[in-house]
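Both of the next two complexes hold chain A, though its partner changes from chain B to chain C.
Right after this comes the complex of A and B.
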């Protein structure tokens, strides 16, 4: 009978109308991120970092701009670690390249900004702020 | 006496049913289509050229951005081509994980096909159903590699991380859900009379024409050719698996839709076999960090969700490819658009785009 399929389809949609919700109320309710989730800002562990710049060398899009200074004992210190999210592909190659596991994602997926300049940040500064905040 | 003249209508690049930034110049005689000319290049990023200035490992994330709804398959194509060039042997466990991911990705990509097709035919509800189920697969990818669409999970020599038990268990749950999911699609779309009337007998590509256009993937199979690279080349572990190739008869829009539904069943069958026979062992071969394949060239093709995806790589012995050429199935399938639209009415042009299933990231490259 012509129209039987239409009625069957309507039954499906009505069934879901009274069924369980598939979505969450986003800003109030957030989905948990997985352990391996790639996204957000880079968290640099300044204690572990030796300033070898391998992460920047592995970046396919040159999203990392690092400045390293050498002290009188010829020890290298990372003075700035500028990450441009606008250029970042979140490919994870920087983190995988680090032999000292000094880098990880902060897993914050709400990285949209009003201005383009806000996409650029300094991971060393953020590490300092985190440390100051904890003290 | 009243005279009429032909009218050229620009569909796109911002038209909601052109799946990205495709512009189609449709020549109309009243409501009937005389010709449809696709205009491409709005999404051209020069990926082939970009790859020439990146190391082999750095090239892999760029392949994610070709066909961004089936990135795992693109990763696989590129990595297998480099492995062929450098003579790298991939561990067996990695091959199984790769196959699971690629087939899950094939299902997710077909969800996008079903969703966008129903949306283009005027049923926005249909899209929500397909995308709801696609979400389940994207969540699985989020567990295994930390990304949902641009996965960058398959690497040269294997996969970057081992599949966790959580992933394998949830994959099995999804595979158990597939029959129920397809049953719901059948009740919602396949049995719908309007849906059938719009699709059956429209935009027919005959068996000869499909070959003439060099089509591949589900589109050529819908026209009656039993052509699947997974069966022909038996790359990876596909030779060990038992699955069928669904083949259509008439090559109309309806066949192209049904083929994809059947392919979801076959993909689920493949994943189940992989889960049952998954061996233990390493997931990554020993690959030098500075990979320098010997001088020479290699071509490797895989069955992407849209057809035959081939990577041709020329190496000059350094750590960067000298030249990469990508044979993109969407680009070649799109040639048939003019043929499919001729003689149809304007509303059918939208169905024709949807059933070719082109993805502009891949067309423009």
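Right after this comes the complex of A and C.
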């Protein structure tokens, strides 16, 4: 019948009018990011890391500046793991290169800062802070 | 004797003023000015309410939330919009036909606000209850075609010109089925007086006696007030904003004001002509019934507007001339027969 489609359309919008809304009140509510989302800070697992620096070697933009020291047992430790987000293009090569799965993204997408110096951070320090916070 | 709340309030105000001022002429003059003030307030407030209302309804239908940041639930959104428009720079583009361009937004507001004088808001509450009410109403409201064309022509822009031409095409063509559809009501009532039309619906609303006319009237109302899905005049995706393209700030806000005045107008008109106006069961005052019906109709118009996509210009015109006009004529014929049979039965 002519005009049936019009009524169907009105029914659909009527349902939408009273139905649940899709919009999320952003700063108050946040959607969880997907598992493979690349972004935010690098989370370094200091226990797993052997200080091989393969991640830094794989970095095409030289965004990683690492310093490693050796202890009395000839075991290598990461003393600083400086990641410059300003240089990073989130290619994921550092994480893929890590043989010990010591690296992953923290999936934070709010990485904008007012000063470019704030883009540089030390992942080892953050790992320490995380550990202190957990204890 | 009228017994609407507003009518009684007006009468008592008059009686209060009479001993203080003394002259009945001056009291009547003051009352007239007060009424005009109230009508203008109504138009301005409707613009404020509908700016937010329109955006909220549109958002809810599109599964969004709508404005929610300025004030609680975004209630101050329209105030913020108004402030923004008022403080904006007034730009007059090069190459416009200056006088026509400046006059257009002012002239468009006049018919939009003037028709409010003819609406019966309550029992006895009508600013100008003239004998040719409905006729005058249609005559005034059809004047809004010209300012659209003026603005479109004077803007010296192809989009504005196209929009202006479209206005003339669609608004003039749809006036014909609208008037013929309303003729059925006039035939039943036997009067063009607005208050008489409302009183004639005390037993049965005209929506039940004239369902075809009601449908035709709804469609023509949407076209006449340039509401979606018939907003060919603006047609954002095609001609930017039609005749409003070159306007900024307060001048643009006047177009906006007229648009929302028209939205309330079509709601009030439908409620008055087909839904019995201020008449309703006694547990609510007539004034309240009037506004419930008018706002319900506005909501329905918005609902229709945000459901259907914009039609094409040629389909609008062919629909108006080839479908609505014959339908309106058939309705007129049926009404005539109906009245004849009704009289013969009595």
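Convention: the second predicted complex is superposed on the first by the 112 of 135 C-alpha atoms of A that agree within 3 Å, B and C clash if a C-alpha of one lies under 4 Å from a C-alpha of the other, contacts with A are read in each partner's own complex, and residues count from 1 in each chain.
The definition used in the following text is that a residue touches a chain if its C-beta (ideal position, glycine included) is under 8 Å from a C-beta of that chain, and two chains touch if they have at least 3 such contacts.
Being a predicted model, the structure only gives us computed values, none of them experimental.
Once the two complexes are laid over each other on the shared chain, residue contacts for A:60 go to chain B alone; chain C is not touched.
When the two structures are aligned on the shared chain, A:22 is found in touch with chain B and with chain C.
In the superposition on chain A, no contact is made by A:32 with either chain B or chain C. Of the two partner chains, chain C is the only one that A:14 touches; chain B does not reach it.
Ranked by how many residues of chain A each touches, chain B and chain C are led by B. In the superposition on chain A, contact of A:6 is made with both chain B and chain C.
Touch criterion not met for A:133: it reaches neither chain B nor chain C.
When the two complexes are superposed on chain A, the residues of chain A that touch both chain B and chain C are 6, 9, 12-13, 22. The touching residues of chain A, when paired with chain B in their complex, are 2-6, 8-9, 11-13, 22, 33-34, 36-39, 58, 60, 89-93, 96. Of all residues in chain A, those touching chain C in their complex are 6, 9-10, 12-14, 16-23, 25.
Note for the complex: chain B touches chain A at residues 54, 57-62, 64, 125, 132, 142-147, 150, 152, 160-161, 184, 187-189, 191-196. Within the complex formed with chain A, the residues of chain C that make contact are 57, 59-65, 68, 303-304, 306-308.
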